[in-house]
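Same chain, two partners: subunit A is paired with subunit B first, then with subunit C.
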Partner chain A sequence: MSKPRLATCSLAGCFGCHMSILDIDERILELAEVIQFHKSPITDIKTFTEHCRIGLVEGGCANEENVEVLRAFRRNCDILVSMGDCATMGGIPALRNFVEIEECLREAYVDGPSTHNPDGVIPRDIELPLLLDKVRPAHEVVRMDYFLPGCPPSADTIWAAVTALLSESPVDLPYPLVKYD
Partner chain B sequence: MSESSIGRVVEEVAREFGRERWRLMDIARGVQQRLGCVNSQAMDAIASWLNISRVEVEGFVTFYSFLSKEPKGRIVIRLCDDVIDQMAGYEEVRRGFEAALGISLGQTTPDGAFTLERTACIGMCDQGPAALVNDVVVTNLSSDKARNIVRSLRENPRPERLVQRFGSGNNAHPLVRSMVENNIRKAGPIVFSEQARGEAIRKAVAIRPAEVIRAIKTARLRGRGGAGFPAGMKWEFARAAEGSPKYVICNADEGEPGTFKDRVLLTEMPDRVFAGLTIAGYAIGASEGIVYLRAEYAYLRRYLEHILDRRRADGLLGQKICGKAGFNFDIRIQMGAGAYICGEETALINSCEGRRGEPRTRPPFPAQRGYLDCPTVVNNVETLACVTRIMEAGPATFCEHGTPQSSGTKLLSVSGDCSLPGVYEVPMGITLRDVLEMCGADEAAAVQVGGPSREMVGPAQYGRTIDYDDLATGGAVLVFGPDRSIPKIVSAFMDFFVHESCGECTPCRVGTRLIKEQIDRILAGRGEPKDIDELLQLGETIKQTSRCGLGQASPNPVLMTIKGFRHVYEELVSPDPHGYQRSFDLTESVREAERIAGRRSIHHREVRT
Partner chain C sequence: MSEIVTFTIDGRRISAEAGQTILAAAQACGIYIPRLCHKDGLTPVGGCRVCTVRVNGRPASACTQPVAAGIVVDNDTEELRSWRRQIVEMLFVEGNHFCMFCEKSGNCELQALAYRFGITAPRYPYLWPKRDVDASHPDIILDRNRCIMCGRCERTSRDLDGKSVFGFVERGIHKTLAVNADARLADTDLDLTDQAVNACPVGAILKKRTAYRTPVGQRQFDREPIGTSVETRAKLTIDGGEPR
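Moving on, here comes the complex of A and B:
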């Protein structure tokens, strides 16, 4: 029987949650025993070619590409986990929700104090995904099954959650793993 | 207007009310009336005249919808947008006004002549669509009438000239001169019985105050505002409470959408209401009474003042009333300024004291510490009319009507899909079916009893009774025919709560908005089955965690209708086959970015795999 597959992605996040995955250190070997990494920044596999058991989603949705990736994860994974505060609540990127996007773009590309852009052009290349009007947590875009809070969730938290999901036992995280003050 | 003339106006108004902090409502209203707004300079001036902080004044002004920081037009047209008026053609009327004025809702014409606004229920559901033109009520509107109103106001900017035909009864009184109709469809044996002016007070002062309270308790009179607290008990608490002076307040802030019976009562039976307030004053030992009249009923004010003057002249108010030594009592009218929550008694008391109409934390109850921290009784208009009748005819006669737990009669304000909307005085305990038959609602598919904050029932429950044990109501009965969409009605009710939430506590401020958005998504065809249970969960949270009655009642439209009409919601929702959230609209979300980039999003070409 083939090993269950795991996919991960970082949407509007800082990759901190992925760093936290790597912080499981040598346990990653243990993990590799029981799962196979599929589409993930860690493997550099770009598209889903097979169905996965678990998808770990870092970050919320800030642009149309994030939406497309997240929807692909929903279609291709049995269980989707919002990993970290950005996926769960929008996090730091969602601070821009209080500002009109035109103003955000002008500040970033035209008016910012360190910006040199004499033509005042706001990039509009077809390669660049368009921004959404608001940054949204993952569960506002697709159905999510589990939420791991934390900025980032600790390696132990991620480890405990993934191993519980793989063993199909209830995800019951001890309090110290989800306590953040 | 120059700063010095603003200062002069504020000074005049402040002096008129003795520079008393607790008359801030009257002062702010006076300034609003004279300047068309209470702007920044005016707020500074009020603060300095009353020796209070500027932020208190600003907090006050921004709380009430009839006060504004921005200048309003000389004529303010306030269109009533409650659900019944919407059913009667509010949208066409709005468009008629917008077209005629060349502005949209919420705007003021460039010449400063007109402001067009929406407002919550103005108590004219039986003759809607209706609007207020300054203080003048215009009813039975259509888009044609809207255009005519604007035309005639442009020719002659005096709103009172819009009234060409007077309404029934005292609406034609020289001091009212209103087109409002009473529509009294059924006058019962208590509230609308023959009046004998002065008799009730004479009988009351002939016995001791404690005996008056006993009579009210014997009659088992309960509060007619809807909550049904025993009136005699409330009086007894206030009488026993330490502190003086004591106050009695008549709650004429009839704001529950769909309720208008107090308006009719005040038009036709003001003496009976004032007598009730006087008797309450005698019973608890108060020498001052206040009638808190909602701003929407300002057109009745001069008439009510006149009735009060007449009572003073007849010795029914003032010193030694009916010759009773030591019983001095007078009544003043306190105008409100457009805030539904002020119908809640502690919010009403705050408003009377010139504060934001936010409910107080209880205890202490008003009977212990109310108006100006003195023992205070607040009674509904109808309750006081019942008091008068009980003193006139005795408690036994009163108890002949109604049920053991709910004695007497109840005034109902019936509106919506029925042939005879209006006011009905019915015995307590009447079945809803009988009410519907009386008002000609043959095809009622749903009935909202008690307004948005109470219960909506379907045909299977028309056998239920209107009393404190079953369908308790302040009087509103909103009838909906088979063609009405229940979620749409709920959405309109939620608009009301979103607007009226004072914003102090989060569950109500945010929760009402979340419910409204969720309902609108369901109506737009973007709902999923799980949304229904989420709505229930959200509603329960709001109910349990809001501080005051408004917040606690605000999810009722959705909770009650999901309970009674779940299938209606289920027909509107469906799951997404891919597990996407149907509430998320990608096309809509990238619209602004598309505009900025000047190109279409590539997702339009996306093919789902």
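Moving on, here comes the complex of A and C:
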């Protein structure tokens, strides 16, 4: 039997949750024995070519590309896990939800104190994904099966979740592993 | 001596003084009933409904409902746990709770209840309301993003400090915490030594220049769930040890 596959992605996140995956230290060797990393920044595989057992999603959705990737994860993974506060509640990127989007763009590209943009151009190339009106947690875009809060969730939290899922058990985090900070 | 009445909570027989609330009577016997808007020493108002129990089958808030002889109280049932979880989840989506940088994180009663209930994400959509921060006072900050409208500051200021610095304006989802100067916290007579400053269960009223002093791992609810001190007190008594 071939090993179950695991995919990961970072949407509107800071890669801190992926750092936390690496923070499982030598247990990553144990993990590599029983699973195969598929589409993930760790393997640099860009597109799904095979179905995966588990998808770990870092970050919420801030733009249309995030939505597209998240939907691809939902289609290609049996179990989808929201990893970290950005995926579960929007996180730091969601701080822009209190500011009108036009004002955000003006601050970033025109008015910011360190900005040099004499023509006042706000980038709008077709290559650039459009921003959503608000940053949304992953479960407001597709159905998510499990949630690992934390900024980032600790390596032990990620380990507990992945090992439970690989042994076909539900993820039931003990008290010390449910943390929102 | 006041009259003693007996009744049951989750099938356990309890004695209490007539006139005590169900919450206080349970607490005296080491049974923790979750609560948010109530704090020991304050007049209960029954606002948040986190303490909802069933009394002879009817839902009631344990912080306001007095005990009575022979009543049958349900506290720790799946249904009541689920209601409490839903209330806490609603409080999270109705405000703006960024625990990852909140000064109160680890010592926050709302967060601690969510931890105790094992909430990993709220099931309701986030509302992202626009709320104001009032940092005008030299020593105290009021961040309405985190206010859960529990009224503890209002009652503490009025009943214990004798000042009435806080009050509420508007209704329903538009309800918001106001200060009596109708302007800024700095224009009130709120002092750093007021008990109201310590009354807030969340990170809405904070003392300036005191944040992040306790390392992560050593904060109040990092290890022990909220309510543990109530529960251990009883265990010690049952085991014959000294109650704390």
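Going forward, the second predicted complex is superposed on the first by the 178 of 181 C-alpha atoms of A that agree within 3 Å, B and C clash if a C-alpha of one lies under 4 Å from a C-alpha of the other, contacts with A are read in each partner's own complex, and residues count from 1 in each chain.
What we mean here is this: a contact is a pair of C-beta atoms (placed from the backbone, for glycine too) under 8 Å apart; a residue touches a chain by one contact, two chains touch by 3 or more.
Predicted model, so just to flag it, every value in this text is computed and none were measured.
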{"item": "First, second, both or neither for A:I122, with subunit B first and subunit C second", "value": "first"}
{"item": "First, second, both or neither for A:V34, with subunit B first and subunit C second", "value": "neither"}
{"item": "Partner chain in contact with A:V110 - subunit B first, subunit C second, else both or neither", "value": "neither"}
{"item": "Contacts of A:E64 with subunit B and subunit C, given as first, second, both or neither", "value": "first"}
{"item": "Contacts of A:K134 with subunit B and subunit C, given as first, second, both or neither", "value": "both"}
{"item": "Subunit B versus subunit C as contact partner of A:M19, first or second or both or neither", "value": "neither"}
{"item": "Subunit B versus subunit C as contact partner of A:D181, first or second or both or neither", "value": "second"}
{"item": "Touched partner set for A:P149, first subunit B, second subunit C, both or neither", "value": "second"}
{"item": "Intersection of the subunit A residues that touch subunit B with those that touch subunit C", "value": "134, 136, 139-140"}
{"item": "Subunit A-facing residues of subunit C, complex", "value": "92, 96-102, 105-106, 111, 114-116, 118-122, 125-126, 128, 130, 216, 222-223, 225"}
{"item": "Of all residues in subunit A, those that touch subunit B in their complex", "value": "63-64, 67-68, 71, 74-75, 100-102, 105, 122, 124, 126, 130-134, 136, 139-143"}
{"item": "Footprint of subunit A on subunit B - complex, ascending", "value": "576, 578-581, 583-584, 586, 588-594, 596-599, 601-603, 606, 609"}
{"item": "In the complex with subunit C, residue positions of subunit A that touch it", "value": "82, 85, 88-92, 94-95, 97-98, 134, 136-137, 139-140, 144, 146-149, 151, 172-173, 175-176, 178-181"}
